[in-house]
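Remarks on the structure that follows.
We just call them A, B, C and D in the order they show up, numbering each chain from 1.
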Amino acid sequence: MKKYALFLGCTVPVRAQHYEMSARAVAKELAIEFVEMAGASCCGFPLKAVDAETSLLIAARNIAIASKQNLDVISLCNSCTAMLSDAQLQLKNNEFYREFKKLGFSYPNEITVKHFVRVLYEDIGIDKLKSAVKKRLDTLHVIAHYGCHYMRPSYLYGFDDPEIPHTFDELVNVTGAQSVEYMDKKMCCGGSVLGIDEALAVTMANHKLSIAKNNGVDALISICPFCTVMYEDNQRKAEEKFEIQYNIPVLYYPQLLGLSFGFDMNAVGLRFNRVRPNALLEKIGLSD
Amino acid sequence: MRVLVCTCKDKIKLTNLDLGPDVKIEQYFDLCKEKPAIDSDEKVVIAGCSPNLLETLFPNLNCEFVNLYEHIVLIGHPIEKARDLIAAAVEKMKVVTPIKAKIFTIEKKSVVVIGGGVAAIEVASQLAQNGVGVDLVERSPFLGGTVAQLDRLYPEGTPYSHTLMPQIAKMLESKNINYYFNTEAKDIKGRIGNYDITLQTCSRGVIDCTHCGKCVDVCPVEVDDAGKMRKAIYYVPTYPDIYAIDFNACTKCGECVKVCEGKIELEDKIAEQNIDAGAIVIASGLNWYDVDKVTEYGYCRLPGVMKTLEFERAVASGVLKPKKVVIIYCAGSRDANHLPYCSKICCFLGLKEAKLVLDRYPETQVYVVAMDMRSFGTFEYFYNKLREKGVTFVKGKPSEVIKRNDSLVVRTEDLYTNELLEIEADTVVLSAGFVPDTATFDKLGIKLNGDFPVLFENADLGNTALPRGIFTAGAATFPAGVADSLVDARKAAFSVLNLFRQDKIETKQPNAVINEDLCSICRMCIGTCPYGALSIVEEKLKVNEELCMGCGICSITCPVYASQLELFNPQGLSHQIRTLIKKGDVLALLCRWSAYNATDKAAYDKYLYPENVKIIRVPCSGAVDPSHVMDAVNNGAKGVLIGGCYPDACHYARGNFRAKAREQILKQNLDLLGFSRDIVRLEWIGKDEANKFVEIVKEMNK
Amino acid sequence: MAKPLVAFYWCASCGGCEEAVVDLAEDILKVADAVEFRLWPVALDFKYADVEAMPDKSIAVSFINGAVRTEEQEHLAKLLRQKSQLVIAFGACAHLGGIPGLANVANKNEIFETAYKLTRSTANPKGVYPQTVTETEYGKLKLPEFFDTVKTLDQTVEVDYYLPGCAPPPDLIMQGVTAILEGKLPPKGSVLTVEKALCETCERNKSKPDKLMIKEVKRISEVIADPEKCFLAEGIICLGPATRGGCGERCINANMPCRGCFGPTKEVKDMGAKFLSSLASIIDVDDEKEIEKIAESVLDPIGLFYMYSLPSSILRRKQGV
Amino acid sequence: MIDLKNADPHFKWEIIKMEGGEGLLKCFGCSDCAASCPVRYFDERYNPRKIIRLTLLGMKNRVLSSPFLWFCAHCHACTERCPQGILVAEVINAIKNYAVENGYCPEGYKVQLDLLKRLGRLYEVEDFDLKKRQRLGLPPIDKTIPEVARILEHTGILKKVGQ
């Protein structure tokens, strides 16, 4: 049993419970134990543009919670992972650490921060995942959306190739679904500019949606609640703006993985997906 | 001890000088003319005019100079000051270690030239013609190096053979050269005048050859040799006239042996032999940067993306006939993630490839995407010509190369219009930089500075940072074109000839000496030596006399004074300061290469400064110890000025930065001990900045 | 034959040196058998007057620990010098000034003000400072004068040998005492330990890279040091390269860097300045601003470079106070 | 036209002092950042090279008041490719931080700051949410985390944006 502290952040526990549910379900299946982080707050990322130090201190405080339990942190959100990783690096910097201690916090054990998907790839491994697959989703064609902060900035992560990322594709392929190679794979979802210029953000999201449509895929697979907001919640807006019909389901990776583990569609919270994946379910013989 | 005092033809009037019974004072009317004999082992003090002059007249002596003319007479200070200065110099000389002459005997007068490209050929040829025996050691089976791989040379676009073949012919006229092909220098021992080199030779496969070419016809193994296809048994039309087997590709099927009119042995064995030499010339040339590391440009990943060499060979041999070509400059160059430097020659290589393809196929559309076009000198004409030929130059650095609908797309910003630009093409050429082949330098333990074997920011150091018997030629130290390599090769040949005129070289340059009774091998000093002259040999700290340049930085770094610079040890300077400095004085410890010269200029230009300013000449600002400052302060000095060269301009590369770090921490220390932080000041003073020097000492005197 | 007479006296010290003698364990019995103590205030009751009454040079050897800070200590140092054949500076304080020597960054008034007025635990509403003479109804009470400056023993009286350390390790004490009893002593003025610096014998020296250069200066309190690696290679300030060895690397073995209690090796006059120079030299930064930044990160350079040796340094103390 | 009369030569040095602003001076204007930028791909008004260039020229007011400064999605595509090793996204972020210090904080961020001060998270956790979590078998979460407000007080950011 591998134990990790689970960092939920703001969006997942309130707006993306299906992501959380499915992540918990597949983790359980893979003998990963999640320990709840009592007192964990926002990761700090939203304040980075306002004041980097403040955001780092908020992030570092969250890390301190896991450090006290001497547990490595798993995060479900790309941005949270980046923010916490940055703070984890900063904690090795004396100047920052002094400031951190001034607030009465401590960092007793050095711990690492990883995205859940990275843990699946590195700590669990493709082979073990393969052996857990009970129902191969061979009929599905999907595009894997990495999101920016999954492998970038590479100086924080040192994971995957920031130019030619491949780990998430491999993970998708494990389920039997085929991860289609497509253009502009590393393109940003636009989430970060949503609050500044909605039209621009929707245009950015539309780019990948249109690529997905051109590729005729069954779904877009996401690993970040932020990206999902752009591709799923704002899909209608993109459709209106560009006068096009997409109707592309956006699944969180643990949902897809859970289906391949043979879980019931309710166990992975599929009824909470805003773009109904009915066609997809039909394809894999799970239509209700 | 002898103190030689010069009146400088009666300009310095110093009388009644008595420094005790141990010190013998000799007065001269004109020291320059009279030139008294001084034993080379003797310690003396010479007082007269500036050491800048006296040193040229009395070189290589165990001598401390006292500058009476520029520092007292011309500046109008009372002559009584001379007594203190001389007495202090005497105290210093009492405790310094005298210089031991270093004699390097040139026992062997033959040369090993490592490499087989244009530079190596030129060096070998020039030396052999001058009667020097040469052993030429080439790693590959054929001569010609990088040049022999090319189709043509820039800027004219002449075939490489125009340059290389006459050069080889000229070399072959000399009988003084032994050739070692398929050979590497595995180990190099010894020192100037007597090197022992172990050579390791792999077999060529072809023992005897009639050049019939039948072996090539039957060989089933195709090899892609940088864009050009050849067989596993092959020939490069340079020298020697014998085919060779590429054992990395050969399957030993034996087909060639069956048809051979000469003799082939399919056994790849390794043989070793030792040769000796008095000097080594490293002409090992350069390697192409592995451009597949620049992943965003898709080399190896996207078909149609190639390196310049591959492109050149493919177009020249007719294998490739592109319609639309994008040549991306600086692929990995001037890039912190790859090669941080500019390789100097790739801008022309890129232009050459553009011309090559247009010469063959004038209808080709060619785009060159470059951050900057560095077409210095006459290359500007070349650049002009290519624009007139219709090449489109884009200013920018492409972000990535992608594949879209079966064609390559180069994404960039066009900096002229400030708009995003996507160029579709069938061929993308990556003009990458070069890395010198440093294998030989590694074997010699020669310190690399970043990526290069010698320091480049300091012209003098470029020559002195190599052991005295090692020379470089061509692109071994930095990417260079053919013309530059040839000039450099002749320079190297001249240096070797110059060395071999002598049977021994004697130097009396001060060196660092290690007191093994004190050295605890703490290694604090090793990294601070700008020349890599310090190393641990058999668990003892050793100074390489071929490399030590006498800066004294290690002796100041050493926490126990186990390292001592001859003629200038820290204790000597300490004695000098304690004798010289009285309450209220200002001490100026000035680098001999820069700040000290400014004081001479101050005298000539009549920038006057107070008489309590006392000047001591030091080899480098990095050769001053914080305890020297403490000594002066303890004696009541108002201030201590350390004058050094400007940043990056230090004669000893990094001495002034060492001084800076010491000064900064020392200031804090002195602050806590109740002194003003400015009681010690490290200032950069150029050799002509007399006014700056004077202003500073005046400020410190307040 | 009469046993040689021995005196053991403490000046400004913490008492650790006395503890070090006790740390001789059973060996102390051998010493007690071989000599007769004539003065040892911490252990045995003798009066100063008894010593004053002794003939000059009648004491074979006096071991004096602690720095000289008061009139009484100066008096006893001089007295013991007069009555002894050999005077040994025992421990870092007598040898170099030691930790009490750090008081040389202040003067008497500042120290009194801190000790008798400013500290929170002090209740001294009238602001009374110690006086050398106080009139009372029972007569005059005297206290020895408290000097402005802490001095080493050899700045007060001539010293024959030095037993270094804070405190000197028992094996070095035993070696020293044996050498004295057997008359096998090195030249006068020697420090009774090895000549080379600590790195010579330090196990961790092997882990040091040949080219030791650092980009950051750290203090041991800021990091958890790797117990296998050379401190300096990790950027942690360790005075080992500048400090005489022979201590058995007690601190290093406890994962603490050397702070220099054994003092400098023989060519070095000012240990702090010397090590400052070494440390500054290995800062591998070629940028003036960066250098300034790193220099500023060396907090409390006096406490760092002169922890045990301020009174024996060239400048000895803070000036102008 | 860029009028250097309005330039502030200290501006670039101020940015370098900010957290993340260190690499600024290394920029040699190759435009790899701009060519890599996904935001610029869709909206040419945003150009990281131009922001850095104007900063180096000292055009303080123009940079700080530019609404496009806030377009950076902090996706680090530029950082990965910068040949000079500049953490471009961090430099842009440093300029944003500096803009906030100088009174140019976009309203959206002020709202977020207020939420974090009150709740310690971006979304209010209603009883409804807690019930829903319970129904779905998810563990309960804290409704508010007051510690965050303490950090905001400590760094003085609330004062900086006038809250």
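What we mean here is this: contacts are C-beta pairs under 8 Å (C-beta built on N, C-alpha and C of every residue); 3 or more make two chains touch, one makes a residue touch a chain.
Worth saying up front: this structure is predicted, and the values here are computed from it rather than measured.
Visitor: By that same contact rule, can you tell me which chains touch chain B and chain D alike?
Guide: Common contact partners of chain B and chain D, which must touch each of the two, are A.
Visitor: Look at the interfaces A-B and A-D and say which one is made up of more C-beta pairs in contact.
Guide: When A-D is set beside A-B, the one with more contacts is A-D.
Visitor: Using Cα averages as centroids, what's the distance between chain A and chain B in whole Å?
Guide: 51
Visitor: How big is the gap, in whole Å, between where the Cα atoms of chain A centre and where those of chain C centre?
Guide: That pair's centroid distance is 61 Å.
Visitor: Can you work out the whole-Å distance between the CA centroids of chain A and chain D?
Guide: For chain A versus chain D, the centre distance works out to 22 Å.
Visitor: Once you find the CA centre of chain B and the CA centre of chain C, what distance in Å lies between them?
Guide: The computed centroid separation for chain B versus chain C comes out at 48 Å.
Visitor: Give me the residue numbers in chain A that touch at least two other chains, ranges are fine.
Guide: 163
Visitor: By residue number and range, which residues of chain B touch two or more other chains?
Guide: In chain B, 296, 400 touch at least two other chains.
Visitor: Going through chain D residue by residue, note those that touch at least 2 other chains and give them in order.
Guide: Not one residue in chain D touches at least two other chains.
Visitor: Using the touch definition from the top, list the residues of chain B that touch chain A in their complex.
Guide: Where chain B meets chain A, its residues are 295-296, 301, 400, 402, 404.
Visitor: Name, in rising order, each residue of chain A that touches chain D in their complex.
Guide: 8, 10-11, 13-15, 17, 20-21, 24, 36, 38-42, 46-54, 56-58, 61, 102-103, 148-149, 152-155, 162-163, 186-188, 190-193, 195-197, 200, 203-204, 207, 269
Visitor: Once bound in the complex, which stretches of chain D touch chain B?
Guide: Residues of chain D touching chain B: 28-32, 34-36, 40-41, 44, 47, 49-50, 81-85.
Visitor: Quick one: which bits of chain B touch chain C in the complex? Just the residue numbers, please.
Guide: 517-528, 535-536, 553, 556-562, 571, 574, 622, 625-627, 629-631, 633-634, 647-648, 654, 657-658, 660-662, 664-669, 672-675
Visitor: So in the complex, the part of chain B that touches chain D is made up of which residues?
Guide: Where chain B meets chain D, its residues are 296, 330, 334-338, 371, 396-400, 411-413, 415, 418-420.
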